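Letters are used for the chains, namely A, B, C and D, taken in the order the chains are written, and counting of residues starts over at 1 for each.
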Amino acid sequence: MVGEVKKLISIQDLLKNVLKDNVISIEQNKGYLDVLVPTEKLVESAKKLKDSGFDHVKSVTAIDYIAKKQFKITYHISSYLNEELSKYIIGLSTIINRDNPHLPSLSRIWVSAEFQEREVYEFFGITFDDHPDLRLLLLTPVIAALKPLRKDYVVKEESDDIEVDYVAYNTNKWW
Amino acid sequence: MPAKVALKRNPKKNPLGRVFVGNIGALAIGLKYFLDPNRITLLYPHEYIKLRQGYRGFIVLIQDKCISCSSCARICPARAMKMLSVKVFDKRLKKEMVKKFPVINYNRCIFCGYCVDVCPTEALYHVPYHDLVYMNMQDMILSLEDFQKEPENVSAKEGIPVRYVFDEKRGLVKIKQEEEKKEISQPVEQTKQQESTKQQTNNPEPKSVNKGGVNQ
Amino acid sequence: MESSTSGSVVPHLPGMEVSELSKNTYEVYIGPAHPGSGHMRIIVEVDGDIMVRVDPDIGFVHRTMEKLAEGRDWIKNIPLFERMAILDACNITLPYVEAVEKLLGTEPPERARYLRTLLCEINRIASHLYGMGIFGVFLGHSTLYMWAFGDREVFIDLAEQMSGARLTHSYPVFGGVRRDIPDDFPEGARKATRYMRNRLNEYAKIFLNNPNIRSRLENVGVMSKNLATELGIVGPNLRASGVRYDVRLNEPYEAYGELEFEIPVFEEGDSLARAWARVEEIRQSLNIIDKVVDWLEKHPRENFMHEKFWKTAPKLYKDVYTGQIDYAGKYRVKLMPLFASLKVPPGKAFARVEAGRGEMVYYVESDGKDVPYRVRVVSPSFRNVIAFKYLMPGHRLMDLPAIYGSFDYFPPEWDR
Amino acid sequence: MITWYLVYRIIVDDIIFYPPIYQFLIIPGLIAALLVALFIIWFERKAAAFVQMRYGPREIAPRIGGAIQLVADLTRYALQEIIIPETVDVLPYILSPIIMIILALLPLEAVPLTSIRTYFPIPPDYSLLIAVALSTLSPLFVVLMSWASNNKFAVVGGIRESFIITAYELIAVLGFLSAAAMTQSFNIVNIVNIQMSGKWLGLLNPIALLAVFIAVLMSTSGFPFEIPDSESELVAGPYTEYTGLLYGLNMGGGYIKRWVFSILIALVFLGGWAPYKPVPGIITGYFIPSLIVSIKALIVMAIMSFLRSVYGRYRVDQALGIAWEILIPLTLAAFGLGLAEAYFGII
């Protein structure tokens, strides 16, 4: 246990050494280390992280904090080739404004982020500047215009009443 | 002792040997199975698999045991099971009262079995078969009476029961229930009289399932 | 489009854009209703017989699982996420369960970890066999297709004995598993693993060492170590390119840290190496199954659920487990009614496991309610698909199925 | 009475057993080919099923192992609506499957199936050459079919077919001609008579037999050379736009082509009607020898069908490579071997 804590401290030190004053905060979460950087320093931080051995993106996650009127974009990155770093997952996060959301694309640094950025783009309507091929990936334009993963798009709940089912199926409106 | 990496390479052979050995090996394996086929197909509906007791098939309610706690309806991931308010005569309190009982909509059910597992009084159970046809979608929403009956096992009417057992040489071996009865003396029917008679599924599985190394 | 999207980029669908083709090229739409594509489309621009541009167009079986998950109770998401890849059901849901367990602080007890490992490996074999079968039929080799699907039945049967369902097991739940293995399981499992080991040799003879198939696969779709890393490829495809990365190795979860097994890494990075990597993984999974079954036999049937959920269980629950009441199956682990309205403490968790096709990743965020605030799912096929775009150009059109099949790609998994 | 006998003689001798009609329509022509297709398709499915852990066709007539499954399939094809897409070139689209089948049967008109002079369909002096030449006609209509279909998959399939034609034809011609080199004759009757002593040319010159066998597999897109209609990337290749009976004709066309080549192989390499010596008389002189040839051809076809369950398909450039780089030198070697055997008087 002590060794683990030491290692965590060392990876935090490593991140601080690499990113220097770009970091706003480093937060230890369950299973990953969240590193918050300002949007304008995202590309620079990503380049530094890539040079220090984080060679691929596992997931690009956008989270809609509708109460704070913010989007948080997290790039979960890790390493394949560096065995020591591959034990850790770093969440390179940035917070952007919910109105006219856009941020620089990291696809030119990590090719593995290309399709995932496209997905975030269509589900949240977040534009990635300088993305090589920003098109819709999974959705049709009609659905993508609704920006379905934003919190203000609410999915209708099913009724708990079995009578609703009876009525629906009897009138052939089960869909 | 954790995992370790084993470096491997594609098997290499000299080109001439590859052509001869490879082709002859492939043809020999093909011929082997051509002459001694290992068939595992189930000839449905002439045969049907007699599934094990624990199979998550259709769900049946034992109304006497139900305490109307709604756990099943709340845990149902597909909202297939919903509570229905029914007027019943309560034996203990000796008066008419409105109680809630689960009913199921098989249009939605995904047979995850959460409801059976979450029921605190074991008022729900699975029957070990799942091939059933409803004539229309309305019929698939069961009423409280239907939900208490075990659905009819349609394939048992047409086909003969078979069972697959594991085998070292042939993977799965299909054995017919009649043959099995001759080979393994059937153990005495389980005594389940202490339980409700409704839960008696047709032919509970014999306990010694894979004991006989049966070869075809 | 709403104005909040930046106006400079007009969203448009792949395949529906107007693009100028050069005079020599020819655009072929492979899919979605095509015998060799699955539920996807690959837009291929061919120059003669050579592919010059490949654009994978996906999303034909998209089901918005991430959105649906935000409206459902925590436990209801397990059967939902299972639908991504029902042939790999335990592996696909395990990281979600692990992530939520991290938030709840309910590490599963030892026996549950071994049981999960067992079903994960059974699933892995079934998934690899499925992939190999599809691969076979892509190359016109119908025998491998039938063999792989027939032998997969052995492992589906094993899974059915364990969990009560052939494909959608919903086996791991927060803090434990839903069933214990039946009494006759170890014997059957040992027979099955011995059978499968012999069969793998026959697979090699009729398929992998068949000169016809070898010539289709050798030096086709060569992905170098650096390219694989750059594209973020996962799973056996990554290890076929010489990268030593496996979540079971780098961050052991469940019982993998205590089991001894090998992780095959190939150097060539071509389609043949990817196929061999799967075969070798099946071999290792068979070893793991044998070891886990031995372990389960030696240890008593207790500690299959975290204390938090099992300590207060009434006697009936224990009776069901020990088989006193067994009309719906023996060794069932009853779920406590509190599962139905589970509230997860606020926090963020990230979990990864090595699923059949590669690394499966979940990001789960809770705000303390009975539904998740955000669940991000990244499935292995989703991370592999980018390889089509960068790997296929330069190959012949007939190499498309050889590369496509070798990635063992499964559309419902990436479309989510 | 006499008139009825005369009518009977006319029907039997001059119509049924009139060699061009008999060979084109009855044995080994259309009717026999249909029966052969019935058997071979059943055998192909059954053999594949045996290898592949299945039962194969069974539900239609389970007692005879589903042997008449093809009848059911043909009925389905016959009753299906023939959809002609708007974009196709209608005349070649409809005609090319029909012409393909007729032309595929044409080589049967050139081969003698007995040594009795009265039952030769044409003078047999150059029959081998003519039969081989006629066999090269029908593939052209597959290319025409693909072009008329106006479909991308069909066109790609048609281009592959035309590549394959150029590859296999030379091998087939050279392979068959090595038999002519061995016997110094293009006359199939001579070739068969030489083999009467048990010295089958296929045994004396197995390289030529192998080369021709592979060439036939290529020409009829049998595994492992099922390239033009490779399902996983081209749907059905040249036949993509076809439905109903026309599609059935296309499928049957492949089998008929293979059947005709198998007859040629049986005659040239497998001893023809040997060891039977034809005796004058319709049954003994014509029917029995033609039956023997057909049975030998059937065995060749069964072996070809069995390969489906062992092999996948080659890439088109690999198939061409095999043809041009391996098989053509091999056929030349077979030709040389034949000449050498003829020179040293082994034959």
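In this section, contacts are C-beta pairs under 8 Å (C-beta built on N, C-alpha and C of every residue); 3 or more make two chains touch, one makes a residue touch a chain.
All of these numbers come straight from a predicted model, not from anything done at the bench.
> Averaging each chain's C-alpha atoms to get its centre, pick out the one most distant from subunit D.
Ranked by distance of C-alpha centres from subunit D, the top chain is A.
> What's the distance between the Cα centroids of subunit A and subunit C, rounded to whole Å?
Centre-to-centre distance between subunit A and subunit C: 22 Å.
> For subunit A and subunit D, let me know how many angstrom lie between their CA-based centres, rounded off.
Result: the chain centres lie 62 Å from each other.
> How many Å are there between the centre of subunit B and the centre of subunit C, using C-alpha atoms for each centre?
A distance of 23 Å separates the two centres.
> What is the distance in Å between the mean C-alpha positions of subunit B and subunit D?
It comes to 50 Å between the two C-alpha centres.
> Quick check on subunit C: which residues sit in contact with 2+ other chains?
143, 150, 206, 210, 212, 244
> Residues of subunit D touching 2+ other chains?
Each of 51-54, 309-311 in subunit D touches at least two other chains.
> Sort the chain contact graph into one of these: line, ring, star, complete or other.
Contact map by chain: other.
> Looking at the whole structure, which two-chain pairs count as touching?
Result of the pairwise touch check is A-B, A-C, B-C, B-D, C-D.
> Touching subunit B in the complex: which residues of subunit A?
Listed in rising order, the residues of subunit A that touch subunit B are 158, 160-162, 165-166, 169-170, 174.
> For subunit A, which residues are in contact with subunit C within the complex?
Its residues touching subunit C are 29-32, 34, 55-59, 61, 63-64, 74, 76, 80-81, 83, 86-87, 89, 91, 99-102, 110-116, 122-123, 125, 127, 134-141, 144-145, 147-149, 153, 155, 157.
> Which residues, counting only subunit D, touch subunit C once they are in their complex?
Going by the criterion above, the answer is residues 48, 51-54, 152-153, 156, 223-224, 226-227, 230-233, 235, 308-318.
> Over in the complex, which subunit B residues touch subunit A? Could you list them?
73, 79, 82-84, 103, 105, 107, 137-138, 140-141
> Spell out the part of subunit B that touches subunit C in their complex, as residue ranges.
Contacts found on subunit B: 1-11, 13, 18-19, 21-23, 25-26, 28-30, 40, 51-56, 69, 71, 74-78, 110-114, 116-122, 124-126, 164-172, 192, 195, 199, 201, 204, 208-211.
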